[in-house]
């Protein structure tokens, strides 16, 4: 009998644990405060992207609240940001979203990575809440009517870069290095290859690497062997820095084409000469002389001791987009906010932004070239 | 025809010739002694018999069937049980379970039976319990059935290992220095138990021991091994008189 | 001999009684769970954790079979989960059988295919021990992820009826959400019962004998290699089933979710819960899945505190302080 | 043909770093019988220390290198004392989990102190490349290779000929027996961790000089690759770590270059499994016959 008695004790322990879970929830929603919820990787390998978006959004919220908040119909709302850590993992993104909904949020600015954004699109649709992903570039993220996207989609970038490569730079052969374990990098690569070949170009070498890899000399040597006109590297700025430095070490001087993840590469590379002539697509340029960019960069640098990258700009603009939607809608009811999204247009750090019915942003792509250590708009 | 037939058995590890041209055979029901000074290669012969090492030459056959190349578990199924020089019990399992694990091949039931806990499962488990208790009673361990093997003191652990080997119903039981580390009267008691086991279970026993007086008292035939080679074999009284054995063994 | 007879019929009555008590408990917990979920007493955050907790219990209990009972360290358990998840998801995406039937079939197929790979990994297991085996299982998990990333998966038909092929890295989307607290509860309870019954049978004894002393086990006629493979196949099957249910709790699934960090996480559940203790694995799986959520308030210090707690728990687990506590309590 | 040679050199380039890290791994394993999962992260600590001394405190290079190595060794000893010593008698698996906890701790601590953004760092090793025909070997690769070979020779002779080396080998054979022989086991294990962390610091410095960038999670992947290399070479064998590391680097680059860069991880681990199937204790691991 003793054994089953022990079992009862332990199941009782498990039950009390479940009841304990009840305790940790149910916070009150404050009056006159519009809460923007979101999640992104604040720890782990992708932490820098999540932290940038969060910090960019915090700068915008500070600016708006200092300027007296947001006038919605007759009331004034102060903005508040609740940003959870989802370690860029799907199940953590879902629990983060649910904990945000428990504590009450009025709109979702999230999530940062494509995977954890896709994990909650069905949930936000069910809740009918406005969702604006600042940096999720996978195509299917905006399939529901309540979901909008601030950044480019993967396919859009692939096509733009392929057209640029063939039409502007007249490259006919290309070598590619992409991250076979990352959906953003693979997504942009796939659409680039289709478009590049459609434009009559041929891909002579397609080499891949796995996230966190630091050595690309093998892939570069294989590409050097085929001497293509250009090397296309859809990746984030860290890999871009490794690849260009190591290409220089191997004595290669084939021009590089990048994707929007390259923004911030200059801060990562020791010898900027290795980046000479590299062209990539980016919505934001920290060294842009436009007045709002300069003030944003100054505020960001003062507060966080770092130069803001496109993720920070995405976070900043997302808050202003939501502000515009609130003002346009005149109420903070979800349905009205969602409707208002297609009627607004703002001049953000990442260009003039307005949204089409399918949730995609219509904003021009800025081609950036790196000349003697400086980003320059092409 | 002899139960165990060993012809021209030899093995070398690297340059070392551990066992060289060993021949002997054991008849059904015999209590056969294998003696020799430490490091003579006694345990190595045991390991060759049970397939732990593969001999470089020679043959080993049980009831005429050659067992070289067979897996240790298959050799046990053919009827060869053993104990070890340093005790190898299942220390995290109860004394009863140590024996029941040895009974496994005689009471097989399927995975499905154990998952669904069918009446067949309970019947077989109970029968195994009864059978295991029987073996424990022979060695006076029945009342310690439910304690962990690691909690037994040294003597009972030695006996449990013999009981476990016995439970696989071997034709030939290999005992590797079963009395090692026991005090004199414990040793005498153990030797009587071994004789009792041989008669009651009608089993052939090959006993490794380095205590000459003890072995000659209990074994019908003995084989003296020195540096991996045969020194002498035969009836204990004759072997004791053999000059080579005396000088090598007793050092006059 | 007298004493031994009474012990026989007692055990028969007791086991029936014990089964009834367990059955009642299982139903009671399920009803409580249903009440908590349906009436939204349990908030959304913890409601969304029920399926992951269930999956983690199934993974911990099945890994405990290999690591706790068989004594072999496996660092690739997430690889089997990935196989189950992708096999099950590809099956449901491309078949249009009625919902319930499709999901049950997906669970079986996912489990069986994972079990098959358990057999495949079983072969090298036979010759290797300890850390060499650990690295092979880690390698196995990485091989699976590398292959999944590189192959294209059929994922249903697009509006014009053309079969969509998606590269593994892009993950699978549009997965039918079948899993809910009922499914995961049933699957978890079945897994626990099956593994507990296996452990309390001759198979459990054999596994423990291999763990304690495989040479002695071989010498008493146990085909150690065969039972090692059986154990790996059983554990892989349940990891596969956990994978299928986990996959159908979200509309999207990416290979990055099944990396070696997840395998290590499952190992932490087993070791902290206590090797060879099914109950320990269950409680550790629940506690360590919920703990990071509790730490949400600590925001950026969350993971730092989690790692300190992990080290603290391990040291407490082996400290004499704990033995004193147990002595006082018993 | 030059392509093959170039790819081999690329293999040696990564392989020499793996080998150096594997040295620390295998030594700690061989003596303390413990897989120190946090070993990879001590490389990260070493890299950040160097960055702090040179870029923030603006100390001269040589002083910074020495300080980094000393600090890392102290941190290694401290970790052993706090996290591993209490588990001296525990099951090896619980020590493995604690090591995972330490690795997690180090990563998140540096994330809090230095933030997640990668930091660039100019290499302190300015050795120009050597050109043989039209094949060029980067200076840093040569330096790493030489340092690894020296480290291996020094380590082997230290363990073979010095008194502490004897004590270490005794502890690795049997902690209990060593204690009976009057060997202070705790001190010996602390020294083992000190040397292990010293090697990790050197590896961190060379890794940082080769890739010139810092990130809190930079130690994770090299740590795992070094663990694979140590096992491939025969865990516990110091020359094995060197051979295993170089072999892993070459296998990786050959598989990426000539088979498929997508499946390279799968190929590398398949080769590892094949090697272990043929020789269950790794390339140079002593074939451990269990005394029956």
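Quick notes
A, B, C and D are the chain letters, set down in written order, and residue numbers restart from 1 in every chain.
Convention: contacts are C-beta pairs under 8 Å (C-beta built on N, C-alpha and C of every residue); 3 or more make two chains touch, one makes a residue touch a chain.
Everything quoted here is computed from the prediction, not taken from an experiment.
If you take subunit A and subunit D together, the chains in touch with both are C. Taking A-C and B-C together, the chain pair joined by more C-beta contacts is A-C. The distance from the centre of subunit A to the centre of subunit B, with each centre set as the mean of the Cα atoms, comes to 70 Å.
Rounded to a whole number, the gap between the C-alpha centres of subunit B and subunit D is 47 angstrom.
Averaging C-alpha coordinates per chain places the centre of subunit A 33 Å away from that of subunit C. Computed from the mean C-alpha positions, the centre of subunit B lies at a distance of 41 Å from the centre of subunit C. For subunit C, the set of residues touching two or more other chains reads 145-146, 149-150, 215, 300, 303. Among the residues of subunit A, those touching two or more other chains are numbered 42-43, 180, 210.
Looking at subunit B, one finds that residues 52, 84 touch two or more other chains.
Residue ranges on subunit B touching subunit C, taken from their complex, read 50, 52, 71-73, 76-77, 81-82, 84, 88-93, 97, 100-102, 104-105, 107-109, 111, 113-117, 121-122, 125-126, 129-130, 133, 164-165, 167-168. Residues of subunit D touching subunit C in their complex: 29, 35, 83, 86-87, 89-91, 93-94, 96-98, 100-102, 104-105, 108-109, 111-112, 224, 227-228, 231, 235, 260, 262-266, 269-270, 272-273, 276-277, 280-282, 290, 292. Residues 67, 73, 124, 127-129, 131-132, 134-136, 138-140, 142-143, 145-147, 149-150, 215, 260, 264, 267-268, 271-272, 275, 300-301, 303-304, 306-308, 310-311, 314-315, 317-319 of subunit C are the ones that touch subunit D when the two sit in their complex. Residues 42-45, 47-48, 50-52, 180, 207-210, 212-215, 217-219, 221-222, 225, 238, 241-242, 245, 249-251, 267-270, 306 of subunit A touch subunit D in their complex. Against subunit B, the residues of subunit C that register as touching in their complex are 4, 8, 11-12, 15, 194, 197-198, 200-203, 205-206, 208-209, 211-213, 215-224, 230, 276.
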